[in-house]
Amino acid sequence: MDAVDREVNSSALVASIRKERRGASSSSFVLDVSLEAASGITILFGASGAGKSTLLDCLGGLVHPDAGKIVVGENVLFDSAANIQLLPQKRCIAYVFQSLALFPHLTVEENIEYGLAAIPEQDRRARVAEILEAFRVDKLRNQKPGEISGGERQRTALARSLVTAPRVLLLDEPLTGLDAELKAAIVEDLRAWNAARRIPILYVTHSREEVDALGERVIVIDNGRVVSHGVPMDVLDAPRRKRLAQTAGFENLLIATVLDLREPDGVMRIRLGESTCEIEVPLAHARVGDRVEVAIRAGDILLATERPRGLSARNILEGRIVSLERRGAMMKAQVDCGVMFIVHITPGAVRALELSAAKQVWLVLKTHSCHLVE
Amino acid sequence: MNSLWLSFELAGCVAAILLVIGMPVAYWLAYSSWRGKFLLESIVALPLVLPPTVLGFYALVAMGPRGPLGKLWATFFGHGLAFTFSGLVLASVVYSFPFAVQPLMVSFEAVDRKLLDASAVLGAGRWRTFRRIILPLSLPGVVTALVLSFAHTLGEFGVVLMVGGNLAGVTRTVSIDIYDRVQSLEYGEANHLALILLAIAFAVLCLVYAVNRRVWTPWTAK
Amino acid sequence: RRDLEAQGQEIRVAAAADLHFAMADLSGQFEKQTGIKVNVTSGSSGNFFSQIQNGAPFDLFFSADIEYPRKLVAAGLAEPETLREYAQGRIVIWALTDAKIDVAKQGWRALLDASVQKIAMANPEYAPYGRAAVSAMQKAGIYERVKPKLVYGENISQAAQFVQSGNAQAGIIALSLAISPGMKEGKIWEIPAETYPPLEQGAVVLKSAKNKNAARAFLEFVGSAAGRKILEKHGFAIPAAKQP
Amino acid sequence: MDAVDREVNSSALVASIRKERRGASSSSFVLDVSLEAASGITILFGASGAGKSTLLDCLGGLVHPDAGKIVVGENVLFDSAANIQLLPQKRCIAYVFQSLALFPHLTVEENIEYGLAAIPEQDRRARVAEILEAFRVDKLRNQKPGEISGGERQRTALARSLVTAPRVLLLDEPLTGLDAELKAAIVEDLRAWNAARRIPILYVTHSREEVDALGERVIVIDNGRVVSHGVPMDVLDAPRRKRLAQTAGFENLLIATVLDLREPDGVMRIRLGESTCEIEVPLAHARVGDRVEVAIRAGDILLATERPRGLSARNILEGRIVSLERRGAMMKAQVDCGVMFIVHITPGAVRALELSAAKQVWLVLKTHSCHLVE
Amino acid sequence: MNSLWLSFELAGCVAAILLVIGMPVAYWLAYSSWRGKFLLESIVALPLVLPPTVLGFYALVAMGPRGPLGKLWATFFGHGLAFTFSGLVLASVVYSFPFAVQPLMVSFEAVDRKLLDASAVLGAGRWRTFRRIILPLSLPGVVTALVLSFAHTLGEFGVVLMVGGNLAGVTRTVSIDIYDRVQSLEYGEANHLALILLAIAFAVLCLVYAVNRRVWTPWTAK
């Protein structure tokens, strides 16, 4: 294991990049990040326009950073100080573009074969056949990208990159436009692929679902800067900034006033909005009377039809259901506890608890489900 | 009839050579990021601006025994360049250069840069990218370059007359032949020859275009 | 014996365009007599001059203007002793048969006719026939009046075509061309020879000639009685025998 | 209301279309559908390659159907029998392509203005300014599509179509590549837009979330055919075909044997797989001993740590947790009850119930959450 | 110097006219789905195949009082076409036609069909789509068409000589002027004129290309 780990780390991607993009607008966009991606899947998470694709373009060598350094293992791919600038084709990086960029004049099969020029015929055929099947595009092998559907194009692009043996893999929203079943299948494939190769994979997505299914680590980018990084749970569950909180799906964002600090317990009490609701949240740099903002994920709130007893959870709020709406596989309940809460529950639970509008309910909130927003 | 064959041979040679030397030039013009490349683009178009006979005259002087090209050629091959088939080819190549380079350049430039990025990221070097992506996607431009340089050489006469000297079987192309007959007021024969030339040229062009259509329409069509 | 020697020999002759038809006859006869094949290239004398200066592989040059052969001799590119005036060009006014004017009857006056809007001739700047036409018109005192009507061809063939196609109503061209098979549907008035300087046509054997003997033989043949007859038949005047 | 309804219906889209697509492959794809879309949002749901984009292309006039008829209100847009074929520009249909097709040489603003040629300058400026802001692309107004991010392009394309006043709106996966926050905002905008105009909107998506948030009606397409249609709940919750069941996210697909039919109750008992688990499901055309397939949504299963009492639910299965994994805002538990079940629960519930692998649990399944697959 | 100005006037006229009439033809060739259109494409390239003087000769005959064109023109304007500036323009337009149509056609064809679909769906008719989408995206092709036809007309001399009759100030273009001087063995003056022509042409081309680069590079560049 040790040996493997060392080998793994020696192929990590370490980059620090500065790149200014100047459009026609007066304000220009500046990407300025330092990051490290060990082998395994690292998710790049961030709002639209945060700079994720720009970062990948820099890593792939398609855009030249203004300054910085990019290293994979021992290999320096880019170093503005030493004036090193490897061409994209020398970087051994596979990259699935957001815009796919399939070759329009080549068939699906030829597209996929394209990156395998160096491999003997026999081998190549086998590998292509295998991946064609894995991505369920074997029936389309002789069709051109103009003659297949959007999702089929997406899969072809993914297959085209994965079939090569890269040292780093960059995936820019590779699963958009695929249905749930395919998504699940491809996620499984990707995981297996990752387990087999253990190379750094940078994976851009907006989808919490994909983050949770794939991410070993997350790097959150906002407006061209890395605003946090770590394991998905830590990073995305404990939002540092309000913008991110919204991005990551914290449905409840509440203004509150600090009532008292209980430092020994590592908690403090706050009052929500103008209501009388008081809850316990993790301690933060704040003084009594300060106004703070708490973010609570709708799925982290438990709902009960009787006042729960003997629970470890400290925050129990009494309220009344205002509305119940279906949201995907979930139900979204709006509960008025003085302040309005959004709670996600399973339809099964709704039925079991016979929930309906105007019904009295209790909300259960664990202290550590309440995140303070900077 | 001899002159007809000679013309097609010349036009074929010139078109082939122009394709080969036009491509690197067009590639460079299309992809270089040098700010002054419009200067080169302009220079490429310049041979067009001079009357062909005058260009031919300059070519003649350059290729003559006292001209720099002629001298160079003579040291290698022991004979002059003017009044030979090679000389004709050379002069026609210079004269038709813009017709090859311009369409190639425009076509190369029109290839989506994202595809070139994709090719690079898939490990393909410049040459492979050119051969597998740029060239097939520029096929219409290549065909145009071929057709224009081929047809233009077929019809060329000023340069050819000057450099070639109208020697039967060696440098008397069909265009000069027709010209001669028109000059001698032998209209019947001139018409006859012109018609044959047009018919063959038409057949060749049809072939090129028909193949071209079939080959590259699929991925533009809906 | 000389015939046997000559078998399979070939000479390359550059001949002025106005000689086109005469050359066909001359070379045919010569070939019949000697067995030496004469390969004629006809074109503009000026072009030939440039080409010969730059190494064109001709043996013999029949110019429409004796100045070019002279210059070649001066430049050491031609054999001086072979230079000779082999013929003199004659110029005519030519118009279509169905034209409103009758050149044969009207002579110079035809050019002044109102129905004549354009008069075609070879460019006097460099074509000898053009220069001759200008001086003849000057002599006749009509040059200034017809000048606005003049259009120039690169050579007499083009001038003839301007008239033939109806775009010009009259033209001043070479007699040799006017009596050629392609010009049957026209009327001719020959301009008196004394009104323009003689159009001396010179020929010379080139220094670079591969087969000087054959070339000399052909030159001699052209100057022989048989040759002169052919030239006269094709509309050339024969100069009094003299060495230039 | 009545008047409005009638007006609404008179502008409904009614189409029946047959179109064969012959690629290089031996097998060709055939789209053969009849559908009706009243005003309001109709979701087109179906796996990748099902023919959704082809259908929209036919409606928009970009692809010529082999046969069929397309009518909007009184207007015949296409009729192969009568040889009517309106040009796309005469159809008053707005269409957001899957591939966007932004004009590369025009700025964001010019792209959006493009469809407003007929409108006076003053008006046009106002409308463009408004929509630029609504889609948060006002800062990019002078940038070209090549100079903006993927999500920004998506928004521009959406804005370009919505700014016109179409009689039908076709949206082909318009929200892919957008982050959660933006998605939510645009969904709100779309709803408002829909409420204001009440024109037929055909909306292609793979996302259950979008279906639930937007869909008034769903049409499910599979392999070129309409396989079901109706309101989202009915259509997507009661799968008719196995393929669809997977697509729509029915995580549990179980083979079972019919034990007995209880026609008066409208239910039948089945045994799951080779196990001893017996459950009650809705009655179907089946005989005792037949093998049937049931689909159960993971989110419809309730999980308890004590045997639940006094519940209306008839199916209670005892089992043991095999694994617990995070999936988006949810936890996915694998529970072994003789057959393996996948159950989605909220993280809050996991914590509250102190769930962990190997823990004994009870699954609660309402009869009508069990769907028989055809 | 007069001849220089005349040449640029002629080239400008011809290039402008070719652009105007070349566009509809190129549009049709690019977008028609008629299977036999390769025939038309071939025909478009045919004027190139004939030697210019021969083409000029045919033009001369056609423009003569007995030619169809000449008759038509005479009924409208009362005088012949030959030896006039208009005649020159007409003949040059015919001769340079392929140089305008071919690059336009290739560029039009290269425009992504999806964009045309998008334009149609946004309510734009053919004309608006052409003006707002196809034309700006084909700019490189338009520039090439302009440059080739302009430069080619500048240097044209066979056709011009044949149809124009070398009338100072009316039809004596600079290319004929240079030719005349070469023929008169006035090499010094010929070189001088050729140099001036080249310099001006170079300046014009540079201007066109420089502007062209600036205008359309932004959205191809990364």
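Order as written gives the chain letters A, B, C, D and E; numbering starts at 1 within each chain.
By our rule, contacts are C-beta pairs under 8 Å (C-beta built on N, C-alpha and C of every residue); 3 or more make two chains touch, one makes a residue touch a chain.
Bear in mind that the values here come from a model prediction, so they are computed numbers and not experimental data.
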Open item on the list: Give me the set of chains touching chain B intersected with the set touching chain C.
Closed with: E
Task: Path length in steps (a step moves to a chain that is touched) from chain C to chain E - done: 1
- [ ] Would you mind checking which chain's C-alpha centre is most distant from the centre of chain D?
- [x] C
Task: CA centroid of chain B to CA centroid of chain D, Å - done: 57
Task: Distance from the mean Cα position of chain E to that of chain B, given in whole angstrom - done: 19
Open item on the list: Centroid from C-alpha atoms only, then distance chain A to chain D, rounded to Å. What do you get?
Closed with: 23
- [ ] Two or more other chains in contact with one residue: find those residues in chain D.
- [x] 62, 99, 144
Task: Touching two or more other chains - residue numbers and ranges from chain B - done: 57, 182, 220, 222
Task: For chain C, residues that touch 2 or more chains besides their own - done: 47, 50, 158, 161
Open item on the list: Show me the residue ranges of chain D that touch chain A in the complex, using the header's touch definition.
Closed with: 21, 23-25, 27, 46-50, 52-54, 98-99, 107, 139-144, 147-152, 154-155, 172-173, 176-183, 206-209, 211-213, 232-233, 246-249, 297-302, 308, 311, 313, 326-330, 344-349, 351-352, 364-366, 369
TODO: Over in the complex, which chain C residues touch chain E? Could you list them?
DONE: 44, 46-47, 49-50, 117-118, 120, 123, 125-127, 151-154, 158, 161-162, 165-168
Open item on the list: Quick check on the complex: what are the chain E residues that touch chain B?
Closed with: 37-39, 41-43, 45-46, 48-55, 57, 98-99, 102-103, 105-107, 109-110, 113, 140-141, 144, 147-148, 151-152, 154-158, 175-176, 178-179, 182, 190, 194, 197-198, 201-202, 205-206, 209-210, 212-213, 220, 222
- [ ] Sort out for me which residues of chain D touch chain E in the complex.
- [x] 60-62, 87-89, 91-95, 97, 99, 101-106, 114-115, 117-118, 144-146, 160-161, 164
TODO: Mind listing the chain C positions that touch chain B in their complex?
DONE: 12, 17, 20-21, 39, 41-43, 47, 50-51, 53-58, 155, 157-158, 160-161, 164, 177, 180-183
